[in-house]
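Listed after this line are the structures, all set down as structure tokens.
Okay, so subunit A shows up in both of these, paired with subunit B first and subunit C after.
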Partner chain A sequence: MIQLKSRLTVIDNSGALVAECIKVLRNARWAEVGDEIVVAVKKARPISDKTSASLSAAKIRKGDVRRAVVVRTKKEIRRPDGRYVRFDDNACVLLNNQQQPLGSRILGLVAAELRFKNWVKIVSLAPRVV
Partner chain B sequence: MKIELCNLSGYKIYPANGRTFVSKDSKTFHFLNSKCESLFHQKKNARDLAWTPICRKIARKGISEEVAKKRTRRTVKYNRAVVGASWEAINARRTEKPELRAAARAEAVSKAKEKRKGEAAKKKVARANAPQGEKFNKNQPRAATKVSRSGR
Partner chain C sequence: MLRSIGQRLAGLAGGLRVPGASMQRLQQRAASTGGTEPYIVPQPQFATPLARAEEKRPNVMKVVEREAVARADVDGRAKLFLRRAAPKDRMCAGDVVFVETINSMSDPSATTVFGGVCIAIYRRGIDTSFILRNLVQNVGVEMRFMAYSPLVKRIEIMQKAQRVRRAKLFYLRDRPGRAFQGKALRKVAKSQPPPPAKS
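Presenting the complex of A and B:
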């Protein structure tokens, strides 16, 4: 249940740490796992000239507006077998305009709903899917 | 469908029941109901909650019935001698074969018969040799001895 002003942890290695939702790209108020949102980066890792060469092309700075996909929510998700799963935090992965992840690695686990919403690349990058 | 076990209480969680919680350090916890979930978040230890099977096991509740069932009493047979017959004599009689017993019995019977015959013969001889006058006279007057019927 991510909405305007919701803060999410960024769990890829794009450089951003905390992002704030500014738009839910769905004709709904809330975004759930697997929904795309527009975020403003609120906290980012400091970028030095040395590390910039090894990182991916995009340099994420504080204040950047990017697209992201929600991968974990504190609000429980209903599974087909009737079970509910909920995580301890809200998390997202930053995307570029072609809906590809910005970072090259994902740190932490993601919800299995991503697979059914066709975020295959993220699922394959994730170390663990719950 | 995997039947999970509740992380707090230890009960079985069947499909469509319970909730799963994934913590920040990626550990998965399964809860049977909101009671267990709430207690978990309060950081309660299952060993301190008296109603959980874990606590009951530690306090050894509900085990006494099982233990009582398992104990079966067995009667021990003792070989006892009786006054007048030692154990060996009893055992000998018990293990005696029926043919032997019959033979012994027949022998005893024949012996007894012989003995009786012998005694009868002796009596006859004694009677023949007794003096004449001592023959019993039926017509003799009876002695005045009264034998009361009541037997006093």
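Presenting the complex of A and C:
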């Protein structure tokens, strides 16, 4: 249940650490796992000269507005067989305009709902899917 | 005039395709009337209603609930949730439990495992459920399983609870991860399959 002003941890290596939801890209008030949202980056890793050399693509700074997909929610997710999954935090992965993850790695586990909502690249990059 | 159900089934032996029923089962049910009547009399699955001796006029809904549980209790998992069961057979809040779930009925061999500390048990007859909590990749994950779901293949208690004085252990959510580093949980983590190889 991510909505406007919800803070999410960013779990990829794009450089952002905390993002705040500013828009749910769905005709609904809340975003669930697998939904795309627009976020404003609230905290990012400092960009030194060393990191700017290694990161080929995007340099995420504090204040950047980007798209993201919700990968973990604290609100329980219902699975069709009656199971419920709940994580301890809300997390997202930043996306570019082509709906591909910005970072090259995902650092943490993601919910299996992403597979059913066609976020195949994120599921394959994730170290663990629950 | 009207052919009996037995005669009709015999006539259709080759060509009848009824979804969800086998010819054998239909014939068994037809035999309940001696195969003479043109209808099938449903046979109750439990010949005597599941009522306790002290219940003089048992409540219908209670009996229906018990029947549903007895029908779903294929591998004796009802004992885990019975309050009257022996302490070592019973599942309590605080036990380390391991659950194996089938992903889809179309392929019963594909299973997912999850293990963790049981932090809550909701005993609701057929809707009995329990919540397992574990730390996966340093993130707390809670999973609530419906005990009598046919997709739940196996529920195993790995370690009994120690020093737990509550029925619902929601306080564990605020505890640091050390509570989830016991030997049993490490065994559970090891028995979980490694993440799929990246293609």
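Please note the rule applied: the second predicted complex is superposed on the first by the 129 of 130 C-alpha atoms of A that agree within 3 Å, B and C clash if a C-alpha of one lies under 4 Å from a C-alpha of the other, contacts with A are read in each partner's own complex, and residues count from 1 in each chain.
Criterion: a contact is a pair of C-beta atoms (placed from the backbone, for glycine too) under 8 Å apart; a residue touches a chain by one contact, two chains touch by 3 or more.
On a predicted model such as this, the values are computed, not experimentally measured, just so you know.
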{"item": "Side-by-side fit of subunit B and subunit C on subunit A, or clash", "value": "clash"}
{"item": "Touched partner set for A:G63, first subunit B, second subunit C, both or neither", "value": "neither"}
{"item": "Partner chain(s) touched by A:S124 [first = subunit B, second = subunit C, both, neither]", "value": "second"}
{"item": "Subunit A residues touched by each partner, larger count belonging to subunit B or subunit C", "value": "C"}
{"item": "First, second, both or neither for A:P46, with subunit B first and subunit C second", "value": "neither"}
{"item": "Which superposed partner A:G82 touches (first subunit B, second subunit C, both, neither)", "value": "both"}
{"item": "Doubly contacted residues of subunit A, that is, touched by subunit B and again by subunit C", "value": "72, 76, 81-89, 108-109, 128, 130"}
{"item": "Subunit A - residues contacting subunit C, complex", "value": "72, 76, 81-89, 108-109, 124-125, 127-130"}
{"item": "Complex contacts: residues of subunit B adjacent to subunit A", "value": "1, 15-24, 26, 28"}
{"item": "Contact footprint of subunit A on subunit C as seen in their complex", "value": "101, 114, 129, 131, 136-146, 149, 151, 173, 195, 198-199"}
{"item": "Subunit A residues touching subunit B - in the complex, by the definition given at the top", "value": "72, 76, 81-89, 108-109, 128, 130"}
